[in-house]
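The structure's right below; bear with me while I get my questions together.
So that you can tell them apart, the chains are marked A, B, C and D in the order they are listed, and the count of residues begins at 1 in each.
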Amino acid sequence: MLDKTGIAKRIAQEVGDGMYINLGIGIPTLVANYIPSHLHVVLQSENGLLGIGPFPTESKIDPDLINAGKQTITMMPGSALFNSAESFAMIRGGHVDLTILGAMEVSENGDIANWKVPGKMVKGMGGAMDLVASAKHIIVAMQHCSKEGASKLLKKCTLPITGIKCVKRIVSDLAVLDVLPQGGFKLLERAPGISVDQIKNATEGRLEIDGNIPEMQV
Amino acid sequence: MLDKTGIAKRIAQEVGDGMYINLGIGIPTLVANYIPSHLHVVLQSENGLLGIGPFPTESKIDPDLINAGKQTITMMPGSALFNSAESFAMIRGGHVDLTILGAMEVSENGDIANWKVPGKMVKGMGGAMDLVASAKHIIVAMQHCSKEGASKLLKKCTLPITGIKCVKRIVSDLAVLDVLPQGGFKLLERAPGISVDQIKNATEGRLEIDGNIPEMQV
Amino acid sequence: MINKVVVGPDEAVHDIFDNATLMLGGFGLCGIPENCISSILKKGTKGLTCISNNAGVDDFGIGLLLKTKQVKKMISSYVGENSEFERQLLSGELEVELIPQGTLAERVRAGGAGIPAFFSPAGVGTEVATGKEMREFNGKTYLLEQWLRADFSIVKAWKGDTAGNLVYKGTARNFNPMMATAGKITIAEVEELVPLGELDPNQIHTPGIYVQRIFQGKNYEKRIEQRTISK
Amino acid sequence: MINKVVVGPDEAVHDIFDNATLMLGGFGLCGIPENCISSILKKGTKGLTCISNNAGVDDFGIGLLLKTKQVKKMISSYVGENSEFERQLLSGELEVELIPQGTLAERVRAGGAGIPAFFSPAGVGTEVATGKEMREFNGKTYLLEQWLRADFSIVKAWKGDTAGNLVYKGTARNFNPMMATAGKITIAEVEELVPLGELDPNQIHTPGIYVQRIFQGKNYEKRIEQRTISK
């Protein structure tokens, strides 16, 4: 079973040279730490920056330079700053190659729910609805099951939807899976030490298992 | 009867302190020369400049700095440059206070025709359709009649329309007139040496003459 | 050029009336008009509808106006850092309209640019789509979204000149430029007010035509929400 | 960062195919991609649809491609400075679609921003409205306008870096920034190509994400259409 770092490391393997990538808050933000240094990629922060650098040292902290999670950041050489309309023009216009974000639930047809839990606090969707409605490629970082053991890879989402038919790939603590165009989760890899049966039991939605499923190399 | 300079001088009297103004090609461009220097106004060039200055001296010519008529220009201190989408956002969004442009015909309900003569060359509407569809206040600079003596202040335009119900005021070589909200031209001033009867004869559209009509002070 | 300088925030906000609609720039606490918020707080204007990406925190930003119950309604994309907000929302004291962030930014831009409506894909198939016209273009479904405009837009810039031209810094730019275009009256507070001609015309983020009032603000706190450092 | 530098205009335009749709930046002859136009001329690509505010003059700019009959269709707002254009139009050799300048700019922006359609007031009641959906908002009538996108967008900037970030100069900016966003492939030619990190991130007009190829152009002529001087 992968911890958060493990999920981030596995997702980092999905990154290709030359990609523009939007990383969501939480595990996706961690992915930046594990992208191989020989790959040239540019990280977008939807509050108005292309070219997110590492977190600053104490002396370099600038309150006027934060990421979408409101964390202090730095810029890479060759960065560009812009306003929020321009930022979402990039996202909506399909210029961002890859979006990595968290999810509370994903359904077997690629719907995602990650912004609201009715009855509890409503925090708002932020940029998530724009991102999932527009991204060319979406990878979801998530826990396969709730703390109570209920599957979060469902036939149909129970929570309010963020976007429909948009998730392409899932990296959970248990597995890597693709959402098939015709619906259903196709199992690609098992987390270290996790069996196919464990993944079957943890997946409510239709699971397609084709041949021998390799263990992830993380 | 006013010449082009006279029309430009009379229109300059319409300018108020603090206005943002778009000047069309031809006579409207001349208006800039006669705006009283105690008035603070900003001239917009729809190809991307707020703060048009005088034409440059020979040594200051910059091919990267032109107005909408493709003439070389300079900038005033406090100018701002921007792209064409931003420029027309200003126009469409109602941020420009006054638009001054030329016309081939105006109808008594405020329609304007100034972009096309069928059968002859089609040059295109440029920014004129955007300007007349959006400006808060539109003043037209025009000749009252064609060279053949036909009125250009009509019941209905005969040429293809640039915009409907948009012209507020006309300064011609013969008169100053308002387009009334209910339709019709209201005569406000006569050009020097021009009689009310001459204006009547030169105006095909409904002309409203109320009391004594003063001569322009140019 | 036209001189738009006012003395300070009290003069700048003097005519903001009860039940006015305000736009306030900023993302989180980054790039928020701190001085104007203080003056509105002092003035006690009530029943405000605030359009702002976030709602501040408990004791800073728009959170200050929530505490004094000066805000009737928030129109935002994310409001998750504010427990007083949560209390008022759950008790029904506060109305909230949540809008996807990109749609919010574009609706504000559309307000300034005179575009009454446009089609956006964000929120199709979600509760955001409720009551909205849907239409397909090139095989993809979009929602018809309308412009947003405000009685007053209040923005914060880094530098500005007396004609109202503005330059922002870093990610403090965010929603400020669009909001500057969409207010009947736009008020800009800047860290440094410079004389006419000092800003490079080629490098202005907000042309002065959008700004009606400008002043140099004081004592910027620039509070950081998530101080994160590299070891 | 991603290195997008190509050797020169021939390499930059090598895969522009017959019957492609091109966007070309510039207003009149100001800010036009002179080097790329020369290479397309040399390459002899035919049947082009060119989206550009103007069509150049007889012997410069897009006018060069009209003379060699490489252009099938022009989509522009104003085409009045070109007698060869006039001849081809009247003889039916050339198709022309005229669009109000602000609508053209906004349709290109919409193409880049993923907005398939929006409402604009320009052209209501004119022949531009023919066949378009009309709708009233707040008592004013608007036309529904669709986005424009291109196979290749070709823009000219003043400075650019290896990651494709661009800065324009003066009114040579015009349509270039929007067009840069709306091409499947965007090619930027710049007067000065600078190393990564030399451009101020706060002062970039076109972020590199929109640009696929960049090179430093040569021998810019920058012809002036209306040389007008103060005495």
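Here is the rule we go by: contacts are C-beta pairs under 8 Å (C-beta built on N, C-alpha and C of every residue); 3 or more make two chains touch, one makes a residue touch a chain.
In this text the structure is predicted, and so the values were computed from the model without any measurement.
Chemist: Hey, what chains does subunit B share as contacts with subunit D?
Modeler: Neighbours common to subunit B and subunit D are C.
Chemist: Report which interface contains more C-beta contacts, comparing A-D against A-C.
Modeler: A-C
Chemist: Which chain maximises the distance between its CA centroid and that of subunit A?
Modeler: Relative to subunit A, the chain whose C-alpha centre sits farthest away is B.
Chemist: Could you tell me the distance, in whole angstrom, between the mean C-alpha positions of subunit A and subunit D?
Modeler: Roughly 36 Å, centre to centre.
Chemist: For subunit A and subunit C, what's the span in angstrom between their mean Cα positions?
Modeler: Inter-chain centre distance comes to 28 Å.
Chemist: Need the CA-centroid distance for the pair subunit A / subunit B, whole Å please.
Modeler: Those two chain centres are 55 Å apart.
Chemist: I'd like the Å distance between the centres of subunit C and subunit D, where a centre is the mean of that chain's Cα atoms.
Modeler: Whole-Å distance between the two chain centres: 33.
Chemist: For subunit C, jot down the residues that touch at least 2 other chains.
Modeler: 106, 109, 113-115, 120-121, 168-170, 202
Chemist: Quick check on subunit B: which residues sit in contact with 2+ other chains?
Modeler: If we look for residues of subunit B contacting two or more partner chains, we find 49, 81-82, 88-89, 91-92, 134.
Chemist: Looking only at which chains touch which, which shape fits best: line, ring, star, complete or other?
Modeler: Shape of the chain contacts: other, as it matches none of the listed patterns.
Chemist: Applying that definition of touch, give me each pair of chains that meets it.
Modeler: A-C, A-D, B-C, B-D, C-D
Chemist: Which stretch or stretches of subunit D touch subunit C in the complex?
Modeler: Checking each residue of subunit D against subunit C gives 106, 110, 113-121, 135, 137-138, 140, 142, 146, 167-170, 202-203.
Chemist: Which residues of subunit C touch subunit B once you look at their complex with the stated criterion?
Modeler: For this pair, the touching residues of subunit C are 1-3, 109, 111-115, 161-163, 165, 181, 196-197, 199, 201-202, 204, 207-210.
Chemist: With touch defined as at the start, can you tell me which subunit D residues reach subunit B in the complex?
Modeler: 27-31, 53, 76-81, 86, 89, 96, 98, 100-106, 108-109, 120-128, 158, 168-178, 205, 222-230
Chemist: Could you please specify the touching residues of subunit A with respect to subunit C in the complex?
Modeler: 45-49, 54-58, 61-67, 69-73, 81-85, 87-89, 91-92, 111, 121-130, 133-134, 160-165
Chemist: Which part of subunit B faces subunit C closely enough to touch in the complex?
Modeler: 17-18, 20, 40-42, 44, 49-51, 75-82, 86, 88-96, 134
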